[in-house]
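Labels run A, B, C and D following the written order; every chain starts at residue 1.
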Amino acid sequence: MLGSHFGTLFRVSTFGESHGPALGVIVDGCPAGLEVDAEKIQYDLNRRRPGQSKLVSPRKESDEFEILSGVFEGKTTGCPIAMLIRNTDAKSKDYSAIKDLFRPGHADFTYFAKHGHRDYRGGGRSSARETAARVMAGGLAKQLLASAGVSFKSAVTQVGKVQAIKRIWEQVEENDVRCPDPDVLEAMIAEIESARKARDSVGGMVEVVADGVPVGLGEPVFAKLDAAIGAAMFSIPAVKGVEIGSGFECVSARGSELNDEMTPSGFTSNHHGGTLGGISSGAPIVVRLAIKPTSSIPQDKRSIDTSFQSQTIKTLGRHDPCVALRAPVIAEAMLAILLADFWLQQLAQTAAREHYSTVEKIQYSLKKDD
Amino acid sequence: MLGSHFGTLFRVSTFGESHGPALGVIVDGCPAGLEVDAEKIQYDLNRRRPGQSKLVSPRKESDEFEILSGVFEGKTTGCPIAMLIRNTDAKSKDYSAIKDLFRPGHADFTYFAKHGHRDYRGGGRSSARETAARVMAGGLAKQLLASAGVSFKSAVTQVGKVQAIKRIWEQVEENDVRCPDPDVLEAMIAEIESARKARDSVGGMVEVVADGVPVGLGEPVFAKLDAAIGAAMFSIPAVKGVEIGSGFECVSARGSELNDEMTPSGFTSNHHGGTLGGISSGAPIVVRLAIKPTSSIPQDKRSIDTSFQSQTIKTLGRHDPCVALRAPVIAEAMLAILLADFWLQQLAQTAAREHYSTVEKIQYSLKKDD
Amino acid sequence: MLGSHFGTLFRVSTFGESHGPALGVIVDGCPAGLEVDAEKIQYDLNRRRPGQSKLVSPRKESDEFEILSGVFEGKTTGCPIAMLIRNTDAKSKDYSAIKDLFRPGHADFTYFAKHGHRDYRGGGRSSARETAARVMAGGLAKQLLASAGVSFKSAVTQVGKVQAIKRIWEQVEENDVRCPDPDVLEAMIAEIESARKARDSVGGMVEVVADGVPVGLGEPVFAKLDAAIGAAMFSIPAVKGVEIGSGFECVSARGSELNDEMTPSGFTSNHHGGTLGGISSGAPIVVRLAIKPTSSIPQDKRSIDTSFQSQTIKTLGRHDPCVALRAPVIAEAMLAILLADFWLQQLAQTAAREHYSTVEKIQYSLKKDD
Amino acid sequence: MLGSHFGTLFRVSTFGESHGPALGVIVDGCPAGLEVDAEKIQYDLNRRRPGQSKLVSPRKESDEFEILSGVFEGKTTGCPIAMLIRNTDAKSKDYSAIKDLFRPGHADFTYFAKHGHRDYRGGGRSSARETAARVMAGGLAKQLLASAGVSFKSAVTQVGKVQAIKRIWEQVEENDVRCPDPDVLEAMIAEIESARKARDSVGGMVEVVADGVPVGLGEPVFAKLDAAIGAAMFSIPAVKGVEIGSGFECVSARGSELNDEMTPSGFTSNHHGGTLGGISSGAPIVVRLAIKPTSSIPQDKRSIDTSFQSQTIKTLGRHDPCVALRAPVIAEAMLAILLADFWLQQLAQTAAREHYSTVEKIQYSLKKDD
């Protein structure tokens, strides 16, 4: 695994710091001839950016992006697609006060210890701002995968102790929390407001689902779909846990409860969350992320400075009380990026087999029983 | 991510099927001059193999390994180290009955759909038997990391609904469950026996800890330590969830509860589980895995065959009632492999900096308050 | 580029030393369902091994190989294919005399300086014996590519100052030199015998050609077909120069002489050697390798020992007077490995495009004018 | 090998087309704390750009670059360094006439056949303009390697049939040809002018040398220094041949002539060109590139169009009569990039060994006899 690179055939390389001149991404390996809908990418960027509602950080980042290469006359050329966002609302002075301090829960200390020299402004490279680059790449991956019938949806399924039970996906983008369950929406908002008023922050759960994923994606052993999902999701800032399908519920369950039976018309359940043996089964891929509360809170905390002296620190600035609210589109982006990669890998395999194999083609897609 | 390959500088490539002639691993990139203690690797193989106790599968696999290259006069040469285990107790006839059937919860269907041709005997490549290859590579990684002061420990911290509270690490290898809490050992055994008697299986939780990890390992953004942990752990068969530090508890917590404060003598707590911003903080790395119950259970289940016709299937054979019991050493192996890789990567960075940087070296290790 | 690994989708990992227990290779990424003809692989191994004729080293290595994984019922499973050769005729005592000496022209000094610890027997990992592993992988790659209509041929086109003018390919394997030009065969043999009698060795040129390569293989910019050819060929021991098509003749030529014109029935010439802009053009891929004379010669040479003291060294042992004679099949293997890789990569691209592109399929193959 | 990516620890990813909005590069893996001298990078860009003299293309590209990330307060942060050049003098109308035609000797046909959709303006991604991105990355690599004592020099050592015998390096940048031999400078200029007047172009040879390379760089087997050099140099547009040290002269030589003997004070000659067994020997690394004449010449040539109909084409535009003149700095850049990568890899190995090996450190550098 290499620094700011992700993927084998659909390769994403990102760069940029929170308060530097720009951030961006190169997508290499996207096949040629794909019509690129820049508005859809912008739509996803808007879903990620701060300032969307009163529940998130009031920072103003327009996040308008420019395509610098790889697209000609509206279509991909098969060459690297570079996309760039210029930083505009970088209030670097907010950070000068903490340039020699390590904010608890942040990467300040570890980046300093690792590199000996760091861009301390807004977390520099460790800022979640870098996820804008992923959202652009993910937007492209989604457009590629749409041609294969794959679609994505995501939501905030828990905030603090308030848990969504229902999954009414079409309502998700219509509320500020991205809650899929109208019955608990108000409770979730209350949880966030309560944390903010307490000068605190609160954790959340994000669920992301890919529908229509072809059977057979994923490469055993270390490149199982699960492994790529693990890598992709744990690479998102603030994620401390990831589960697929029944996830941690498996621990206390019996095998007989979880064995998703198969019939000619599909699986009778989806405890496996769309992967068996690391390979997509055709059932929806269901992933959940545990997202820790924003580490930046305006409370006095003990810390140290770059000289390893004790200090008291209170992190001010324009922070999200519940950073999980902006994470769903990032999770979609990462899932799309890895699925695009595995889709291309599997296409290579099946296309090669057509040259020598006489095995009759059978319909491998299994659908869930109605 | 590439099929059966893992790692950048410490590179592991595995091969082999459950019932094929042999399975093995190449470790490429291990530095030269390291004394290899083959007995320690064999000890780890013994911790993984079936037949160790009455709680696990009674299959007899001696798992004796041979070093084929890369070690000369007892020391590594810097060249690829190949290690091989010949398969001996392969009762392939056990599987002929299900050669055209897909066992629920297994990779039978997905491998068939993906590849069109599969070694159905014992799950072939999808069998957990391939993890023996990882254990060999992990054994080597541990010996390399020992020189940097890193050590590993692991345990089964939950079986079904029985949860370990204490962590008495030195007792772990002395009981058949690898339970770190003597107070719940009997309850765990009872849970397993109960599942077995019910012709069922039960899930489990594994916790793995790396102590003494130097500060600064991990490469942002996509190669965060967390991302590599996610990839490594989700690549282990039957793992459906992974968490680091406080993990899923973060969802319902407030930021003020989780912000691990820092003092000159170290972090005051370790909710972050040893990584901040994807980089090791010097605190112990703590990872937990949710392991699903063995899918192979001797109960009638609905399934289909390779012609997509309905079938009833009952998976016989010599299976573990709680496969989690054999997973701790595998989790250690994967954690060691990825840490060896990141350690080498970070050594390259710091060694390069010595050529041009005059930054005074400071002591970056932080220890937990006593 | 990673140590003993080559390739992205068709991935080759080798291991083994000249006098260790075994050497072998894992091929990961070969699609499933391919019938494997082990005899063809053995045939290629026989073309490489010493002892074939009086012109090459009289060492006796049977080079019989075993498939350890990835092939079931005669067909590939899509899982890693491991192939192993046990070393048998390892006369390690031949080398004890030079264990502290560096043989001029060999890797003895550089391996020692790099690793600090080395297997000095027969050059250890730096021995050309490791190419047997590549020949196995190449044999598999050829079988895969045969399904796409690609075939390979190679010859020794120069020995010392004796140059082959004609290319009568079907005679190549019928003479001990692998000379494609019967008019110069005797002169080549004389050149080799003359070198041997003078206790010396002589250089050679190898030409390798791939016919039937589909248009469109190769990935710009750094993964141009040319770049992969450069990497692959320069990775072969003793190769000091590589050229494609007109190669070094381009230096003294005019553009008007080299511009291969195109007609609807194909290129009118092939100065470009089958690649334009790094992408295969459909014309035969033509590559030539400059292979230095065997460094091991029984003449007194000045050298140093591991204590950096002056020594006189005379390299005895069973060496080839013209190591180029055994190189053609290795060059074929490397060319096949890289073309298999790029073929799979291109299949992924074109298969993906079929999902969204309505561009009519045209016949892209261009044939040379008759 | 992956499209527009090069390197393992010092990773270069490029993007951009000849007539697109911009081209650029991300360098990931450059260690932190390195002072970046932007003027030195600009100096190298100026050495590559057209319009420098009357001997090269009169196109006006200012090639001013901007650093977008990874550098803070003048020093690298260890995070990806993105560098961007906006395109300015793109006369796209020059190319509309040939949008459906394939220029002989160019990538027009192969890109079209590969991708089905291409940016035909100025060759798009296949234009040598992309090498500007490499020169930026190479400029950075040189600054990193300077701290290890490595330096680079390069020259045009042959133009058409005119060959430089002397190597007076300090004069190279003072003449328009970059000729290292004042005795043949005028003849070289005459050769170029003669080709231009004949509406033709002429080939050239470039020699690039790295001095001060530490012993031990390069990773056997497939990542030999030679293999990386082969990949790097053959990835440069118009390169059709590469040789190291004595290169193609080895073919007609005897082993006794080429065996570079060793004494305590160094090698007595450097036929090996700085690598033995793929590992750097401490002697200067000497590489030569055969560069074909510019394919774009204003003469009528037979070609075909995208409908595969016969056409006559005459390539107009502002082209170099001898493209080799601008190649030396590109060769330096690629050599620097790969050496930076291998240097970091070797630092990881030696730094690791310090943790467990008690082998006394010896002086491995060998110098050429005076």
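By our rule, a residue touches a chain if its C-beta (ideal position, glycine included) is under 8 Å from a C-beta of that chain, and two chains touch if they have at least 3 such contacts.
No experiment lies behind these values; they were computed from the predicted model shown.
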Equivalent of A-D within the choices B-C, A-B or B-D, defined by over half of its residue contact pairs recurring: B-C
B-C or A-C - the one linked by more C-beta pairs in contact: B-C
Intercentroid distance (Cα basis), subunit C paired with subunit A, Å: 44
Whole-Å separation of chain centres (CA-atom averages), subunit C against subunit D: 25
Between subunit C and subunit B, distance of the C-alpha-averaged centres to the nearest whole Å: 38
Set of subunit A residues in contact with two or more other chains: 2-5, 8, 14, 32-33, 78-79, 111, 114-117, 125, 220, 349, 353, 357, 359
Interfacial residue positions of subunit D with respect to subunit C in the complex: 1-6, 8, 12, 14, 102, 104-107, 109-111, 113-117, 123, 125-126, 130, 158, 160-161, 195, 198, 200-205, 215-224, 226-235, 237, 239-256, 258-264, 268, 272-273, 275-282, 290-297, 299, 301-304, 308-310, 346, 349, 353, 357, 359, 362-364, 366
List of subunit B residues in touch with subunit C within their complex: 2-5, 8, 11, 13-17, 20-24, 26, 28-29, 32-33, 66-70, 72-73, 75-82, 84, 111, 114-119, 124-125
Subunit A residues touching subunit C - in the complex, by the definition given at the top: 8-9, 31-35, 78-79, 144, 147-148, 220, 343-345, 347-353, 355-357, 359
